[in-house]
Amino acid sequence: MIIRQYEDWISIESVTDTLAKMGFKVLRIEDGHNLYYSNDVRMYTENDIRVHAKKKFFDKMVIELNNEMRLIFVHGDETEAKAFLDNLART
Amino acid sequence: MLNILVLGLGQCGNRILDAMNREAFGRGGTFAKYYTRQKFPASVKTIAINTAINDLKGLVDTRARDRLHVPHLHGVGANRTIGKRVFEENKEIIMSEIDKRGTFDLIFIITSAAGGSGSSFAPLLIRELKETYTNAPVVCITVLPFREEGSIFLQNAAFCLKDVIDEKPTGVLLVDNQYLKKYAGDIKSAYDKINNTTARRLLFLIEALNSEMLMVTDLGDLKTVMNGGIGIGTMGFYEASKDSTIKSAILGSFKPSGLLFPTNVYKEGARAMLIIKGDKKYLDLDLITKTIEELSTEIGQVFKGVLVQRGRPRVLSLFTLNSVPELEKLYATAAEAIRFEKERRDRSRNQLDSAFSHIEDLEPIY
Amino acid sequence: MNGRRILIVVAAVALLILVLPMTVAGEEETTNITIGVNEYVVLNNDIYIEVRDVGTVGISYAEVWFRSSQDAVGTTKNLYRGDVPAIYISGTGLKIEVTLDYIFSNAASFGITSSKALYVTDRKAGKVETEPVTVPKLIIKRTIDPNEAEIGQTVKVTLTIKNTGNGTATDITLAEGTIAKTYKDGCPSTIDDIAAGATERIEYDLKIGDDVQPGTREMPASVLNYKGETGVSDSTESQSSVLEIIAGEVLLPELTISTDPIDYVVTCGDEVPMVVTITNVGNATSEKVYVKGDLPHGVRLKGGELEPIYESIKPDKSEEYEVTLVANEEGEHVVEMNVMWADEEATAVFEFRAEKSGLEKYYVYIIAAIPILLILLWIIKRRREYSY
């Protein structure tokens, strides 16, 4: 999993577009549940949105957005997670 | 899927186009066309346009219906003035033939700057295509002649390139025969090698633009790169050896040995696009990002596209230049040739005039 | 001298040849003599014939003692009535043949035959019963009318019994001959007494059984056993008779089935018409008629009813129907058609030869050629596409 913090608010569209460009098919988008504890603010926040995506059979990626903390969590193959973040940064 | 139009103008353009069509058959050899289909990486439409019917007949892997003969006897004889007139006369035919292929997201025009049909048609065709397909970027791949091919060819190349740039295509990618000649022995194999190399690189680019990438670059990026500098650029290529890193592969694609036109990328480069293909195990994204960041400080904006594909890493670099010293040399040589030609013609004319002067004021007496 | 002697000898021999047969054969003469019991007669002063006893043991006999002057012991013989003559030759060579004609209560009457003239030279006579014994003698004659009859018919058998004797026949039993599988109706086994000279006529019916084999049959003789008033039994029999049994006309239906043959070779898949004709060649209307068809492997019915059922077919009438067959496989095909009625059946076969069509013969080659053709077409197409 890779976590990255952004200056700007990340739209769900930019996430799905980036996934599509990388050949991922978005399976479902659901409200987030995972709690994230921030050392900085010493509090838990709940991730807003989870995007489940899949390419081929085993290639899966789950992206969680925590817009309150401007955080993005990318679960999946590390190379692809990095590429995703790089691609997302360009949108 | 991207809709791409590739137009091969004149003998040189036709041959590179034919090489692209041959490459699309895969590794089937001469008979591949009898048992397999072309597999273009995108929806690619090709048309070979020429006034010389023999040049069209010489093509092997281009379908007959993709060969458009613009009727003017057997070519325009390297005469760009006649070529332009012929184009104007047959503009409707050419454009309607292109129109039959549908709409396009990207248009490549491949032409030699030195010949007759291609060099005269290319600027005018760019104009027409820009008017008709307003949204489609038009990239002109222009092949420069051997310098010793003759003054007419040099002259044509000089004027053609000027005309092309004047029409403001999205970009001009230069391929220099003179520069590439050193990689092959005789003229024939040099031509074949240049044609095949150009064809492969174009297909590599088309495939990347049409694919879902790990790190994404797209048509918009291509436009941005082509708009950089003076709108003139070229392509470089490098296939990594067994033990080389992805960084050495990226840098290798900027080396003169991999370029289609002699230039110093680090010095003259304006914008660049790097397309990297290879096994995932070779694709160290951090190293790629880091290398590109380093390049960006020297060249300017560098776009990257990473495509997971079997095999060792292969890197295609495509860039535009801020200045082209080699062109200046070409134009200087061309101007010299034109001047010499003009002087010689004037001298001949004077000689003829003085000969005619002998019969001035005389009438035939029979 | 010698010549005369020879002539006399020849004449003597010739005379001898002419005279000898008369002397040897003589003239046979039968003399009837009745001799009482314990009496004798002497013939020609030589042969003594003495009757010792008479009686009946089923047949009349007489015990006779023959002796002669030079054969004092002689021989005693039992003579039976109807037997061959008893022969006696005397000591002097006189030969006699003696048959017993009749017996009486105490005497017997003989017929004596000899080549020599016989005369009684002496007789020792007792009291001889002169009253004759009455003896019946039946003659039976049988007629069959008609003597040519069909199976199942009844013929009349007539027995005519005549008593030609001089006594009444009593206790007459009739053993009538029999032909196998014929039945007698009214044939008596005993017959009333028949007076001397009377004729009895017996008629009975002989029915010829249904299961009798036709042909010429011999009916064994009728045998009559009877007794005379004296209690002497006798029997007689008729001639055997011949009865010609003719197979009678039976009313039966008889069906034949036939198919119209075709003399051409058909092609697999083509329709083959088969016309089936069923004719009643019998002399009676048939009951329900079933037709069964046995199609061989590779032949199927395309149209028509292969196995129709007819309620009845009248004599000399035909039923005809047509079906359409189709052969799917090549070769000789034999369709067996059976017609069944009552417990009978008849069969006809319909044969034809089916050959594969010209196309099918080369099917394998065509199949093999198709991909090659397609590849060629493809290559030509591609060549055209790429040739300018």
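The chains carry the letters A, B and C, assigned in the order they are written, with residues numbered from 1 in each.
Here is the rule we go by: contacts are C-beta pairs under 8 Å (C-beta built on N, C-alpha and C of every residue); 3 or more make two chains touch, one makes a residue touch a chain.
Note that the structure is a prediction, hence the values are computed from the model and not measured.
*Asks:* Per the contact rule at the top, check every chain pair and give me the one with the most C-beta pairs in contact.
*Replies:* Highest contact count belongs to chains A-B.
*Asks:* Compute the centre of every chain as the mean of its C-alpha atoms, then state which one is farthest from the centre of subunit B.
*Replies:* It is C whose centre lies farthest from that of subunit B.
*Asks:* Find the geometric centre of each of subunit A and subunit B from their Cα atoms only, then give the gap between the two centres in Å, rounded to an integer.
*Replies:* 42
*Asks:* Roughly how far is subunit A from subunit C, going centre to centre by Cα mean, in whole Å?
*Replies:* Using C-alpha averages as centres, the distance is 124 Å.
*Asks:* Would you kindly tell me how far, in whole Å, the mean C-alpha position of subunit C lies from that of subunit B?
*Replies:* Centres of subunit B and subunit C (C-alpha means) sit 127 Å apart.
*Asks:* Where in subunit C do residues touch two or more of the other chains?
*Replies:* Not one residue in subunit C touches at least two other chains.
*Asks:* Which of the residues in subunit A end up touching subunit B in this complex?
*Replies:* Residue positions touching the partner: 18, 20-23, 79-80, 82-83, 86-87, 90.
*Asks:* Going by the contact rule set out above, which residues of subunit B touch subunit C in the complex?
*Replies:* Interface residues on the subunit B side: 33-35, 56-57, 59-65, 67.
*Asks:* What part of subunit B is in contact with subunit A in the complex they form?
*Replies:* Subunit B residues touching subunit A: 211-216, 218, 280, 283, 285-286, 289, 306.
*Asks:* With touch defined as at the start, can you tell me which subunit C residues reach subunit B in the complex?
*Replies:* 378-379, 382-388
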